[in-house]
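For reference, chains read A, B, C and D in written order, and residue numbers begin at 1 within each chain.
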Amino acid sequence: MSILADESTRVLIQGITGREGLFHTEQMIEYGTDVVGGVTPGKGGEWVLGKPVFDTVKAARESTGANASVIYVPAGFATDAIYEAVDAGIELIVCITEGIPVMDMMKVREQLDQSTSRLIGPNCPGLLTPGEAKLGIMPGHIAMPGNVGVVSRSGTLTYEVVYALTQKGIGQTTCVGIGGDPVNGTNFIDVLQMFEDDPATEQVVLIGEIGGTDEEKAARFIASSMTKRVVAFIAGQTAPPGKRMGHAGAIVEGGAGTAEDKIAALNAAGVRVAEHPEQIPDLLV
Amino acid sequence: MNLHEYQSKLRFAEYGIPIPKGRVARDPQEAYEIAKELGGPVVVKAQVLTGGRGKAGGVKLARTPEEAQQRADEILGMNIKDHKVLKVLIDPASEIRAEIYLGVTNDRAARKPLIMASAEGGMDIEEVNRVSPEKIIREHIDPFLGLRDYQIRNLAYGIELPRELWKQFMQIARGLYRAYSESDATLAEINPLIIDGSGNLLAVDGKMSIDDNALFRQPQLAEMRDTSAEPTAETEARAAGLSYVKLDGEIGCMVNGAGLAMATMDMTKLFGGSPANFLDIGGGAKADKVAAALRIILVDPNVKAVLFNIFGGITRCDEVALGIIEALDEVKTGLPMVVRLVGTNEEEGRRIIDEANIPNMVGAATLADAARKAVEAARNVQG
Amino acid sequence: MSILADESTRVLIQGITGREGLFHTEQMIEYGTDVVGGVTPGKGGEWVLGKPVFDTVKAARESTGANASVIYVPAGFATDAIYEAVDAGIELIVCITEGIPVMDMMKVREQLDQSTSRLIGPNCPGLLTPGEAKLGIMPGHIAMPGNVGVVSRSGTLTYEVVYALTQKGIGQTTCVGIGGDPVNGTNFIDVLQMFEDDPATEQVVLIGEIGGTDEEKAARFIASSMTKRVVAFIAGQTAPPGKRMGHAGAIVEGGAGTAEDKIAALNAAGVRVAEHPEQIPDLLV
Amino acid sequence: MNLHEYQSKLRFAEYGIPIPKGRVARDPQEAYEIAKELGGPVVVKAQVLTGGRGKAGGVKLARTPEEAQQRADEILGMNIKDHKVLKVLIDPASEIRAEIYLGVTNDRAARKPLIMASAEGGMDIEEVNRVSPEKIIREHIDPFLGLRDYQIRNLAYGIELPRELWKQFMQIARGLYRAYSESDATLAEINPLIIDGSGNLLAVDGKMSIDDNALFRQPQLAEMRDTSAEPTAETEARAAGLSYVKLDGEIGCMVNGAGLAMATMDMTKLFGGSPANFLDIGGGAKADKVAAALRIILVDPNVKAVLFNIFGGITRCDEVALGIIEALDEVKTGLPMVVRLVGTNEEEGRRIIDEANIPNMVGAATLADAARKAVEAARNVQG
């Protein structure tokens, strides 16, 4: 069992003929993901890596029955790609692209909330259900099937943690990178709820970092609504204070956002917080 | 990207917000001339991209042009929180009957822009928020609808603004939101918005931050970036597409990904060292980018050891390895280096490093191992 | 019983100090409507017709507990007034104002659909629950309490019909003018459903006119979902064909929109259609 | 408000849509000169605010300037569906390889703008819609997001547009939607959008309708209104804030509210008469507006009787009554008049009419009564 995606997920690649899209599609296929096709406007009818390319997501979905898509298109086109996937009724959209302006994402989010699609990202490594499917850019070989769910705001730090788990023989149900942008499609709480509901997930690892208040909110959620053990790590204890100008940010977020605050909130919720990523396996039972 | 006070206010003025008729001076003589031209008392204000300049003595009143010259001389060249003052703004001094706070920012929790106003503006607004948060009136803005007039009235009503100022306040709030949204800002703030001696509203201080991700479509704003007061390394890093912040420690860190970079820095601390910098080479970094990053790290004289921690996803370990080799061809160094390459194409990356056979470079398997080796190596250099 | 509003509805007037607002507020109060206050920006603190005036709807709602509002502000300010009422959580908003651009109403409608507010209008006479409450500009004396529900796209034609009913001693539960603009807040089907659900309403009168396809849709709804008798009148049998340019309108609406089409659709749904307004009472049992 | 073809196309051109380089002529000589200037064969196209001009002979090909002059002479002054042709557009004739349909309108059922495209454009597009609706590709547009590029690609894909034309098509569709939304249009249509002899897309015909409710914020478009070809009465009515359409009957109708006005017209028909006009004096009409309305009705020589049907809501019966009296002071008429006043201030209104004691005016209690009396009175005048 797993959350979000498994071996039956039929995956479309938006931007399949681009450099990154092509490279990672190959890796996804190699991993065993059921990639059913790709979309690159103007290249419909071509074939890439043995998969059909379509001009539009709508046409691709009609032909392939895709129910998930991974977006590798450049920032300037990424919001359009998200809207296109939503409009075509794709259930799970994973947006790898980084560099989308925050105002654009606020608008995307408003639209998403009225749709039946779920967006992971943007600016995220995607997700990985070990042994079943890889939607995004996480290196597949660092993970192994098991019963720990992983959710993270970071990219490469997620790999570090997953790798550390695997090294110690602790497998994962699903590893989810939700992305580090201020506004994204799916947050900690959404994923924690999915892990709570997933019978195969027995424990959860949460990887946060300084900034924002998502970890604090996650801590409150864990205290109120989770029965499963959660172990966490927060990056940024030695980071210099941000060069924030003006008062608005401080007013909105209060004093929160430091590693100390987040760790305190998590501890208060009964979450054990690791001192460094490689210590996480030791805190799991 | 942050804008200077004078840049922010000029931008605000384009949107119909009243600002004082001041100008920027780069030397005391210029300050004298501006003050003379303005007539009457002036305020000399350090233009630095950091907060707290008032408490640091970067804002001073001057009654005469001569005094303005003298104050400018004192302030120019000051160092405020590591920022050197290279420009001062000379604004006419205003009689202040009341100080209002008015700011727009993006509230990431609500995923919407938020406009806030308070009758108790000025330097202590954060204290007001802590002690009496109800004195700050807040309205979330629908990103599609924009700021609506009724919301501005809710603010005016909430801060008990005198009725005769509502019309001016409407115009200023509308202008501020337009400046915010049309600039792709993450912050647009007037603090204080004063009621001046003639009973009118005037934006005497202003701040804007622009979303770096949106600079590609804001060429006019991108050009406003002031790199003159910023460490050269940071300017260079940005030009190379790297994210770099100088710190005080001795372990130079090159990492892919901000979260992993912070975790790596935290790790050096945990093993008794101290990071010399934050440096994220980003996703999919090519050889030339890695070379630039290495050059930037090695320029810092405090650096005693370099720690490479690369976990490949989009970034491929082989390309990073090639980058390291290339950079070492250009920038010779005898400093000890610890390299850890994991993830996409890691075998190929390790092979490239091994074959280059660099004497002062060691490999590491885990992050803890890498950090421990780097801290030890730095200690040996220092000893 | 009635739909939408009754004697317990607490009504706010947006634009209470304007010429029309003042005139009709007086009539509403005279009729017995529970007008609890008004809103005119810049005139908060004043009193008009014995009712307090507020600067904002939010302040008015907090002070008065209003749950409905009637908007009499000019077209240039009307959408802002609607958004303000929605934002303040007013449950029932009646917008009398005419002349709102259709693009603005399309946006209003998108927002409304995400809120818990119901909008009647714009460009409508409002609604009247005889003997209980009058929200809008319908002349009160032409109506009388009874068991017929009236819903209409027209303004004055509604009065004509209600007057004819009253003359024949046939009273009404509630008379609702939904307004004639291309995009409005509430349509025939919404109101028909309310009448169907209202135990006091025994029969329904529907007054339509040429243009659009709302009457055709209402006919389908009546056939599929209504148990109560519906009698209708469609205005515009002698109207000249519109000066429509281009083909887009014809493509979107097909051949529909004429009085003949609408009457045929209603007849097919078992609805008796009157030849003229004053004939309607004869068709009711 | 409808725009002429040439006005629509000029507007489209402002948004980057390619149009033929033609110009408007007001007389045959001007047509000759434009044709000469353009060189080669031209199309002479009647500029009238109605459809069906092609079938009425309002569009003709001319191979030479002389021929253009002759065709213009034939077309200018034509009467197409009651519209007099006062201008012709002289466009260079294009070789047509394919005719595409592309239009944006507001879909009231969906409450969203709708963009539609078809590979089978041209005059028979409505027939295409009837016979094979699947050949018209439709995309609803979110009014907040606007037309997105992927939607344009859905259209291009759906109509099987040759790949090499996608880029041009993207630009044209984007431009068309911007023209539509920034003009507050209810229709913006290119039919046909042709693939011309050089293989490029070209908008050879265009139509726009503007939302009358939005003209207050579209002053540039409001000025484009062409009243020269419109009956004087309609122009006058609009100036007075009335909605008026001339018809062929003998009963002049003045009513408040469009629905009631139509019902009143229907009623005259039911009683064997025929309405001379549609006239809605709108809500809250004052005396001067009523007077203007009466004047417009009485100008029509076909009118044999006047029927006033006023049901007061916003409109007050007393004000309407005063308007009638005032108007009759200015515009003397011996025609029979039937007045029905019901609703707000009806007693006061009736009292004013009674006291004025106008010999050729009778009252009526019900709409049926009023219509019957008006039809009878008209019959007596005719007899």
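Heads up, the rule we're going with is that a contact is a pair of C-beta atoms (placed from the backbone, for glycine too) under 8 Å apart; a residue touches a chain by one contact, two chains touch by 3 or more.
Just so it is clear, the structure is predicted and the values come from calculations on it, not from any experiment.
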item	value
Label of the chain whose CA centroid is most distant from the centroid of subunit A	D
Which of C-D and A-D has more C-beta contact pairs	C-D
Geometric centre distance via CA averages, subunit C-subunit A, whole Å	48
Inter-chain centre distance, subunit B versus subunit D - centres from mean C-alpha coordinates, in Å	57
Whole-Å separation of chain centres (CA-atom averages), subunit C against subunit D	27
Multi-chain contact sites of subunit A, meaning residues that touch two or more partners	107
Junction residues of subunit D, two or more chains touched	142, 144-145
Subunit D - residues contacting subunit C, complex	2, 49-51, 101, 103-109, 111-114, 116, 125-126, 129-130, 136, 142-144, 181, 184, 186-187, 189, 191, 207, 209, 211, 213-214, 216-217, 245, 247, 255-260, 262-263, 265-270, 274-275, 278, 283-284, 311-315, 342-344, 366-368
Residues of subunit B defined as touching subunit C within the complex	142, 144-145, 148-151, 153-154, 156-157, 163, 166
Sites on subunit C touched by subunit B in the complex	41-42, 44, 55-59, 77, 80-81, 83-84, 87, 107, 111
Touch list for subunit C against partner subunit D, complex	20, 24, 27, 75-76, 96, 98-103, 105-107, 109-110, 125, 137-139, 142, 152-160, 163-164, 167, 180, 182-183, 207, 209-210, 212-213, 217, 233, 235-240, 243-254, 275-278
